[in-house]
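As written, the chains take the letters A, B, C and D, and residue 1 is the first residue of each chain.
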Amino acid sequence: MKKHVLRFVTLVCVIQLLVACNGAQKEKFATFHGEEDTESQSKIEKLLKDEKSIQKGTAVFIDDIVLVGVEVKPFSKMRKAKIEKALQKKFEKEFPDKEILVSTDLKIAWEAQKLMKKELSEEELKKKVKKLQELAKEET
Amino acid sequence: MNPKDYEQLQTQLSPKTPILKNVLKAFLVGGIICTIGQAITFFYMANFDFTERTAGNPTVSTMIFIAMLLTGFGLYKKLGQFGGAGSAVPVTGFGNAVISAAIEHKTEGFVLGVGGNIFKLAGSVIVFGVVSAFLVALIKLILVTIGVTDW
Amino acid sequence: MIASFIMAFVVGGLICVIGQLLMDVGKLTPAHTLSILVVTGAILSGFGLYEPLIDFAGAGATIPITSFGNSLAHGALAEAEKHGWIGVLTGMFEVTSSGISAAIVFGFIGALLFRSKGNID
Amino acid sequence: MDKGVIYFPSKPSILAAGVVVGPLEKRSVFVQNFDLVYDDELADQKTNEQGHQIMIEEAAQIALQKKKLTKDSLDFFIGGDLVNQMTPTNFAAATIASPFIGMYSACATSTSSVIIASLLTELGGSQYALAGAASHHNAIERQFRYPVDYGGQKPATAQWTVTAAGYALIGKHQEGEPCIEAATIGKVADFQQSDPFHMGAAMAPAAFSTIQQHLKGRGQTVQDYDVIMTGDLGKVGLPILKEMLRQAGLTTKQLETVRDGGAEYYGDNPLFLAGASGAGCSASVFFSEILAELKSGRMKRVLLVATGALLSPLSVQQNQSIPTVAHAIEVTMK
């Protein structure tokens, strides 16, 4: 019995490690966008770099939607909700005509990173981003 | 010998509770259980559509499922003897209290035995959780209404 | 990632240490200890302190029984905020916790599958 | 004559005894003297309580068989256990179908029932009487404490309720058999102890007062005995009793006579914390190990003091203290 439980636990851990490796990014801040738009791209990267308590940020840019997934530094996690709000405001100010979603949720950050890696058509990408938007709004 | 003198004699000769040792064991066991919980949370986040916020529910359910297996095979009581609060305070301990009562009272049938006694040990946790949540909400509402604080 | 595990371990472990001290120093039964922790979780939730703790420690804060008080109070507070006085009452009955449902379901299944044994190792 | 001390001039004999124990009691240091060890505590029954009943029936059966008797020749059946209303013993009594009185002195039931059986024999009203007690770990644990599979942490002072039934066949005096010369019915002692996980401390004063009472009433000293054996004070309760006796003037040498069944039961196994307890603990030790010692002649005179904690789950939850009692029988062998 004990052995089985241990095996289950190791299995979970191994899966986790694999996921962790897949999600690892070389650059800390990255953006992805449907069409070429270097101006907004660098704007976003600057915004993210300015925020000290963030260790990794990924922005997905499609049509008029900007989805920003950020990973907060471990010891700043306590203020996650506040950081999220502040960043959201900053982005809204910078891109008044876009629909902005900043999320400090790890899941959103992971998914945003995954989207970066994949070669997706615009249609598929939009679908995925919409889904993440909904996911981020779920309460419990 | 009067009870007071006896109490003194008795305390002198009885083994002391090894508080430091117990606390360390509780920290270790409780910490490990929570780390496993964290691994399960990440597992659900990585493989299903759960965010950090929403992964809590499936994690808790999974932990209680594991508690069921450990309780059923008689392993949780050994963990409890070693870990003390370390295994009682995590939600697995709540699960253990419910599941052990259910298994124990199976002999009285599923309605009167399992149904009637399932919350024999854990019922107080639910009662105090719900009542205190009610009071907290009520007090906060009063404070907001009279303008002391806001939501 | 590793940091998340360490946070969960430390915070979860510390909450259990508080429980152990209540039992060993305070001489309380497990039922008393757990009830106190649940009430503490609800009160922390009222001050808006428990959610940041969850953000910080993840499972280290959601796995201990204190999170049970938090989720109940959190739900009641949300309803109270939305509907005012009535919300406090109706909110209480809308609030559910996956912990309770899971414990009931698995308790029942456990009763079907197992019998109590006085084994010791 | 001191209060509670009874002298039996006809010296009723313990003709035989039957001891049946559960699977965990395989680890007992006394195991070679047990008559039957179950592989499963349910004894092929559906519930722990029914297993408890079967264990009592088998212990009684074994005691009778040793003297080639059947239950029809039995005059009285006296015994008890710790389950509410003693239903396992009551059901077993229905099977045995002889005149029956249920006894409840908690874990002191083993000696209190022997005292009643000896009195009935002394009066000439009984040719053969079965007396004893039993306890069943799972059945008792769920009633007095928590469900068996609950993971609560027990302190080092907690004792393990044994799964055991011990019954002795008491009859008219017979040469070559151990006989009961005297007994003491103890007073209830309440020293305001209230920890249900520390029975040793609650029961030690009762054992102390009964031992003193018996020695005084009989005009004896500790040296008159090969052993003074208490029932189930455990590894923590025994030193407390010894300290009380030492303060009452016993020397270290004399204190070596004082032993405890519960403390010795499982040897040094740390899994059982402070040792064994339960009505079946004293019964299974007295009616196996001690009887064997007497029969072999290694012991000539012993004082068996079974101790009982008279608490209920209700009284504990209502914050009442734990009253305790101890009953002693003086058994001799020529």
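One rule holds for everything that comes next: a contact is a pair of C-beta atoms (placed from the backbone, for glycine too) under 8 Å apart; a residue touches a chain by one contact, two chains touch by 3 or more.
All values reported here derive from a predicted model rather than from experimental measurement.
Centrality by Cα centroid goes to chain B.
Per-chain Cα centroids separate chain A from chain C by 29 Å. Chain A and chain D, compared by their mean Cα positions, are separated by 70 Å. Chain C and chain D have centres, each the mean of its CA atoms, that are 44 Å apart.
Between the Cα centres of chain B and chain C there is a gap of 7 Å. Residue positions 17, 22, 39-40, 42, 52, 56-57, 71-74, 78, 83-85, 88, 93, 97, 99-101, 103-105, 121 of chain B are each in touch with at least two other chains. Of all residues in chain C, those that touch two or more other chains are 1, 4, 23, 30, 114, 116-117, 119-121.
With touch defined as above, residues shared between interfaces to two or more other chains in chain D number as follows: 48, 142, 147-149, 152-153. Shown here, the protein chains touch in an arrangement that is not a line, ring, star or fully connected set. Touching chain C in their complex are the following residues of chain B: 17, 19, 22-23, 26-35, 37-42, 52, 56-61, 63-65, 67-68, 71-74, 78, 83-86, 88-95, 97-106, 110, 114, 118, 121-122, 124-130, 132-141, 151. Touching chain D in their complex are the following residues of chain B: 1, 3, 6-7, 9-10, 13-15, 17, 22, 71-72, 74, 76-81, 83-85, 87-88, 93, 96-97, 99-101, 103-105, 107, 120-121.
Of all residues in chain D, only 22, 24, 41, 48, 137-138, 141-142, 147-149, 152-153, 163, 271-272 touch chain C in the complex they form. Touching chain B in their complex are the following residues of chain C: 1, 4-5, 8-25, 30-31, 33-35, 37-39, 41-43, 45-46, 54, 57-60, 62-69, 72-73, 75-77, 79-81, 84-85, 87-88, 91-92, 95, 97-104, 106-111, 113-117, 119-121. Chain contact summary for the complex, chain A toward chain C: residues 16, 20, 74, 77-81, 140.
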